[in-house]
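Right after this note come the structures.
Same chain, two partners: chain A is paired with chain B first, then with chain C.
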Partner chain A sequence: MTINNERRLSYAVLVAPALIIYLAVVAFPTIFSVLLSLTNYNGGLIFGNPNIRFVGLDSYIWMLTEPMGSFYKSLGNNLLIVAVSVFGQIPLGFGLAYILSRKLIARGNKFFQTMIYLPNVISSIIIGVLFNAIIYGRNSVLMEVKKMINPQAVFALNPNPMVPVLVVILWMFTGFYMIIFLANLQRIDPSIIEAARIDGAKEWDILRHISLPALSGVIITTAILAISGSLKSFDLIYAMTNGGPAGQTRVLSLFMYESAFRGAPNYPLANAISTVMVLISVVLIIVVQRLGKAFGTKEE
Partner chain B sequence: MDKHNVSLPVKIIIYTVMIAFTALTVYPILWLILQSFKTNTAYMTTNKLSLPMRWYFGNYPYVLIQGNYLTFFKNSVIYSAITVPAVVILSNMAGFAFAKIPFKITKLFYGVFIVGILLTLQSILIPLFLMVSAAKLHDTRLAVIIPYIALGLPMGIYLCTDFIKSIHNELLESARIDGAGFLRIFWRIVFPMSAPVSVTLAIITFTGTWNEFILMSLMISSEKYKAIPYAVGRYAGSLGSDYGKLFTSLTVALIPILIFYFIFRNQITKGVAAGAVKG
Partner chain C sequence: MRFKRLSALVVAMLLLLSMTAVVAEEQVELRVLNYLDMASPNSAEEGKVVWEAFETAHPNIKLVIQNEFNEPFHQATEAYAAAGNLPDVMYVWPSGRSTTLHTNNLLKDLKPLIERDGLASSYIALAMDPTQQASGYISMLSNGVTATNAFFVNMEVLQDAGLEPAKTYSELVAQVPVLAAKGYDTVLMANQDSWVMQSCLFSLIAGRFCGEGWEQKILNGEAKFTDPDFVAALNFVKQIYDDKVIDPATLAVGYGEGPGLFATNTAAYYIDGDWRAGAFITDASTGEALITPERQANFKITVFPEIDVEGVKLNRSNTAVLATGYAINAALEDGSAKLEAAWELVKWLVGKDVLTYRLSTGGLPSPSRTDIDYASLDLEPLQVANANLANDYDKATVVIDAAFEGPVFNPLNDGLQAIGLGSQTPEEVAQNVQAAFEAWQATK
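Here is the complex of A and B:
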C-alpha cells in the first residue's frame, strides 16, 4: 500500500462513520422537510403514493393567511423570548460576570457562580412542570402568595399568559450568559487592568474602556445564541403551559409539533413551519460567518 | 483584602445583589425538594410555602416502584452510556482527519457539520419520524440512540477539530517517520492527548442526552424503553391530582443530575463556555 493510499483510506475510515450518521439523521431530513413542505403529503406511504401532489407554496400561503393567525402569534412569542434574552439575560449575565471576574467581593465567587448556573443543567421538562405547579391553578404558590397579601384574592386567569413563561426563561438561562461572559472576561490580560489602575483608573473606567470593548464580539455572539435558543425552546413551554391557554404561549417549534403530532395531523403546515425555522437558522449561520470574518476570529 | 477600589457601601450592594440572585435561583429547587415530603392533603391544606409539619416519606417508594422510575433511570443510563462514548470517539476521529490530514474536501465536510450547531431539532422532526418508521425502528432503543449520536456530532467535531489543530505537527511527523499509519497515530497519540476536550464533550453530550425529551416522546411508545424526562413529561401542562407524588417525581428526576453537577461543576461551566463562544 502506498503512502498516499494509506492517507486516503485513513481519512475515509476516520470521517465516514460520523459523516454517514450525520447526513442520514440531520442533513438529509432538513432537505427532505423543505421538499415535503411543497407537497400535499399528509401521512401514509411516501413513495409510490398516487395522491401526493406538488402544491408549490400553498402550505405557506395557508400558514400566513389562516384566520387564527397562529403563525404570527407563535413567531411573536419567539421574538418576545429573544427580547427577554437581549434586554434581560444578556445585561444581567454580563453584570454578574463582571462582578465575579473582577472579584469585587472577596468571598463566595465560586459559590455564586455554581448556584446561578444550576438551573441550566436541569431538564427543562422538570423546570416547566415545577413552575406550572408554582404559578398556575387554585393550589399554586402564586395564589397562596396573593392570598397572603390580600385574603380576599380570588382565582383568575392570567390576562398575559406569556409573562410567567418569560419570567421563567429569564430565571433559567441568565446563568448561561453569565458563564459565557465570565469566560471571556477572564481572558483579558490582568496586567492591562493593573496598569490602568496604577494610572488612577476607577472601576467604572476599567469597565468602560477595557472590559466592554474587549467583549464587543462576544455580545454579538450571545445575541445570536439568544435567537437560536429561542428557536430551540420547546421543552420548557411544552411542560409549563403546553402552549395554552388557546395557543397563546405557543412558539414556532410547539406550533409545528402540534400541527404534526397532535389531533388530526397537518403535515404540510408543519413542514412549512419547519422550513421557516430552517430559514431563520440559515440566516443566522450566514450572519455568524460574516461576523467571524469581520472580527477575524475563525476562518470557517 | 481590600485591594480593589470599591467602597464599603458598594461592596454591601454587590453582596446583596449576588445573594439575592443566588437565593432566587436556588429557592424554587429547595422548595420543590421540601414539598416532596408532604402528603397531598398536607400540601393542599397548609401554607404552600411552609416546611412539612410531619415529614412523610411515603411518596418515595410509591414513585420509585409504582411510578416505574427505576426502569426510567435504567434506560436513561443506557442511552447516555452508549451515546456519550460514541459521540466522543466519532468526533475525535473526524476531528483528527479534518485537522491533520489535509484534503480539499475537508472544508465542505467540516462546514456541513458546523451548520448543524445552529439548526434546530424540531425542524427535522417529521422527516426523522417518517424515516424511523420506514426503517421499522419505531419503538426500539435505536430509534433514539442514533439521532442522539448524530445530534451530538456538530458540537463534538467543532470542539475536537479545534483542539487537535493545536497538537504539534512534529510529534505526528516523527511517528510517521517511524512508520506509523494515521489510524495508529490517532489511537496511540492523538486520542489520548485530546482527553481534556473529550471530557468537556462527554459532559455536554451527557447533559443533553440525559435531559432529551422530544425524540423520546415521539420515537418510543412503550414505557419499558422510556427515560426519565418522559416520566416527568407525563405531568406536562396539566395540574397533577396528587401534588405530593408530583413533587416527589420531580425530585427523583432531579437528584441524579444535581449529583452530577456538583461533582463536575467546574468542567461543566468550562465546557459550556468553550462550546458556546467562538474565537
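Here is the complex of A and C:
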C-alpha cells in the first residue's frame, strides 16, 4: 500500500464514524422530512405503506393559504423573538459584559455576573411554568400584587400576551450573550486600552474604537446563534402559554408540534413547516453574514 | 429388570420434558401500551388491582406494560404506528386522538371474538355499534360512555347568595350580578386549553341550535358551517361571554386548575366533562378529597340549563361519545396463542370486575357493561350524581372533535377562544371553519 493510499485510508477511517453519525442523525432526517412534506402520509407504517403517495406542494400551499392564517401569525411571533434576541439580548449582553469587564461598577462584579447568567442554568420548562404562575391567571403573583395595591383590581386578559413572553426571553438569554462577550472582551490586550488611556481616550472612545471592532466577529456569531435559537423556540412558550390564548403566542415550532401531535396528525404539514423554518433560518443567517462582510467583519 | 427400570426412567423423563415444552409453549408475553391517568386520585392502585391481578389469574401470560399519560401517550402511539411496531394490546380512543390506528386499519376487528364468546349482550348497544368507531368496525372494546358536558352546581355558593340552581339561560344571566356582588364567578370553565370549550360546551350548544344529526348534514354536503343555525350557536358563545356568564378571564384558567378553583367556592357552577367528577372524590391511598363526601351533598351534577334564546331547536340534550377502551394489534394472527392471550386481557380490562373497580374509584363515569350492580357499591355522593346524569337529558348529539378531524376542529377551537377575546366575530369563525372543512375534504 502506498503512503497516499495509506493516508487516504486513515482519513476515511477517522472520518467515517462522525460522517455516519452525521448522515444518520442530521442529513437523513432532514432529507426525509422534506420528502415526507411532499406526501399524503397520515400516520401508520412509513416504509412499505401502499397508501403513501407524492402530492407535490399541497402541504406548503395549505400552510400558506389556510384560513386561520396560523402560519403567518406564528411567523410574526417568531420574528418578534428574533428582533428581541438580535436587538435586545445582544446589545444588552454586550453592554453588561462591557460594564463588568471594564469594572465600571465599584463592587460585586462576580455577583452580578452570576445573577445575570443564572437563568441559563434553569430549565426552560421550569422558567415557563414559573412565569405562567407569576404573570397569567387570576391567581397569579402579579394579580396578588395588583390586589395589594388596589383591592378592587379585577383580572383581565392581557391584550398583548406576547409581551410577557418576550420580556422573559430577554431576561433569560441575555446572560448567555453576556458570557460570550465577556470572555472575548477579556481577550483584548489590556496594554492596548492602557495605551489609549495614556493618549487621552475616554471610555466611549475605548468602546467605540477598541472593544466594538475587536468583537465585531463575535457579534455576527451571536446574531447567528440568536436567529437560529429564536426560530426554534418551543419549550419556554409551550410551558408558559402553550401558544394561547387563541393562538396569539403560537410560534412556528408550536404550530409544527400541533400539526403533528394534536388531534389527527398531519405529518406532511408539520414537515412542511419545519422545512420552511430551516429555509427562513438559512436566509436570515446569510443576510447577517452578508451584512457582516459589508462592514468588514469576520465571523469568529 | 434393570433394563425395565431404566426404560421407565427414560420414559418418565421424556414425559416430563415434553410437559415442560408444552408449558413453555403456552407462555405468552404481551406488550401493552396503557394510558394511566396520573391526575386521577386513585390511579396509583391500578397496577395492583388491574394488572397484577390479571397476571396472577393467568400465570401463562406475562405482561410488559408501558404506562404513559397525556401527550407522551399519543406520541408513543404515533411513533409505534409509524415504525410498524404497535404493542399487542393498547388503550385507544374511538376516534379523535386515535384516528391513525382506526383509519389505517391497525386494530383487530373484535366482532368475531365477541360473537364467539357471546359477549354482545353484556355490553350497551353503543359499545357494539361499529359506526361509533372511526374504523367503521368494532376495533375496540369501550369502557363506557362519556357525557362531555357536566354542569356542576355548587349549592354552598348559591345558598350564600340566596339563589336556587338556574333552570334556564335567562335565570343564569340574572344570577350574574347577584353572585358578582358576593365575589363569586357565575360559571367557571378551564378555557386555557382550546379543546375544552369545544368539547365540554360548544358541541352541546351546536347540537341544540342545529338539531340532531347536524354533523351528518355537513359531512354529506347538505349544510355548511356558515349556515344561520351554526352561526347562531357561535353567536350564543359570544353572548355567554358578553353576559359575563362565563368570564373571558377563564381563557387564562388551565385545565388542571379548574377542579381546585371550583372546590374552593370560586364559582357557583363549573363546566367540564363527566369524567371530572373523579377529581373531586376521595383518594383511597391518602383518604383526602378535593370535596369531602360530607361536602359533596352540597354539589349537584346536571346538564347545561335550557337555552331560552331564539333559534334553539332542542333542549334537555347533552353531547355523548363512546369512551376510551382497549384494542388489539391487527397484526396478531387469527387463532394464535398471542391473540387469545390478548383477547383474554381485553376481556379482563373491560370486564365486570375492572369496570366495577374503575366505577368505584371515580375512574369511569358510566360503564359499558350492563351487568354492574350499582347498589352494591359504596359510592360517594358526586359519583352517584354522575351516574344519574343521564336522567337529566333525553337526547345526545355529537361531540365535534369525535365527528370531525383535527384540520376542521382545530380552527374551531382557536375560533371559540378568539370569540372570547373579541378578536374574531362568530361569522368570521364560521367562515374559517367552513374553509378549513372544504380544504380538508379536498384532501380526502
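Keep this in mind: the second predicted complex is superposed on the first by the 258 of 300 C-alpha atoms of A that agree within 3 Å, B and C clash if a C-alpha of one lies under 4 Å from a C-alpha of the other, contacts with A are read in each partner's own complex, and residues count from 1 in each chain.
Quick note on the criterion: a residue touches a chain if its C-beta (ideal position, glycine included) is under 8 Å from a C-beta of that chain, and two chains touch if they have at least 3 such contacts.
Predicted model, so just to flag it, every value in this text is computed and none were measured.
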{"item": "Touched partner set for A:Phe261, first chain B, second chain C, both or neither", "value": "both"}
{"item": "Chain B versus chain C as contact partner of A:Asp58, first or second or both or neither", "value": "second"}
{"item": "Partner chain(s) touched by A:Glu194 [first = chain B, second = chain C, both, neither]", "value": "neither"}
{"item": "Contacts of A:Tyr136 with chain B and chain C, given as first, second, both or neither", "value": "both"}
{"item": "First, second, both or neither for A:Gly244, with chain B first and chain C second", "value": "both"}
{"item": "Which of chain B and chain C A:Phe234 touches, first, second, both or neither", "value": "first"}
{"item": "Contact breadth on chain A, by residue count: chain C or chain B", "value": "B"}
{"item": "Partner chain in contact with A:Leu118 - chain B first, chain C second, else both or neither", "value": "first"}
{"item": "Partner chain(s) touched by A:Asp205 [first = chain B, second = chain C, both, neither]", "value": "neither"}
{"item": "On chain A, positions contacted by chain B and by chain C", "value": "46, 132, 136-137, 139, 242, 244, 260-261"}
{"item": "Residue numbers on chain C that touch chain A, as the complex places them", "value": "71, 74-75, 78, 81-84, 96-97, 99-100, 103-104, 106, 191-194, 248-249, 251-254, 257, 261, 401, 405-407, 409-411, 414-415, 417-418, 420-421, 423-424, 431-432, 435-436, 439, 443"}
{"item": "In the complex, chain A residues that touch chain B", "value": "6-7, 10-11, 13-15, 17-19, 21-30, 32-33, 36, 46, 96, 99, 102-106, 108, 111-126, 128-134, 136-137, 139-141, 144-145, 171, 175-176, 179-180, 182-184, 197, 202-203, 217-218, 221, 224-225, 228, 231-232, 234-235, 238-244, 252-253, 256-257, 260-261, 267, 270-271, 274-275, 277-278, 281, 284-285, 288, 292, 295, 297-298, 300"}
{"item": "Chain A-facing residues of chain B, complex", "value": "1, 4-6, 10-11, 14-15, 17-18, 21-22, 24-26, 28-29, 31-32, 43-44, 47-49, 90-91, 93-94, 96-98, 101, 103, 109-116, 118-131, 134, 146-147, 149-151, 153-154, 157, 181-183, 186, 207, 210-211, 213-214, 218, 228-229, 232-233, 235-240, 243, 246-247, 250, 253-254, 257-258, 260-262, 265, 268-270, 272-274, 276-279"}
{"item": "List of chain A residues in touch with chain C within their complex", "value": "40, 42-48, 51, 58, 62, 66-68, 70, 132, 136-139, 155-157, 242, 244-248, 258, 260-266"}
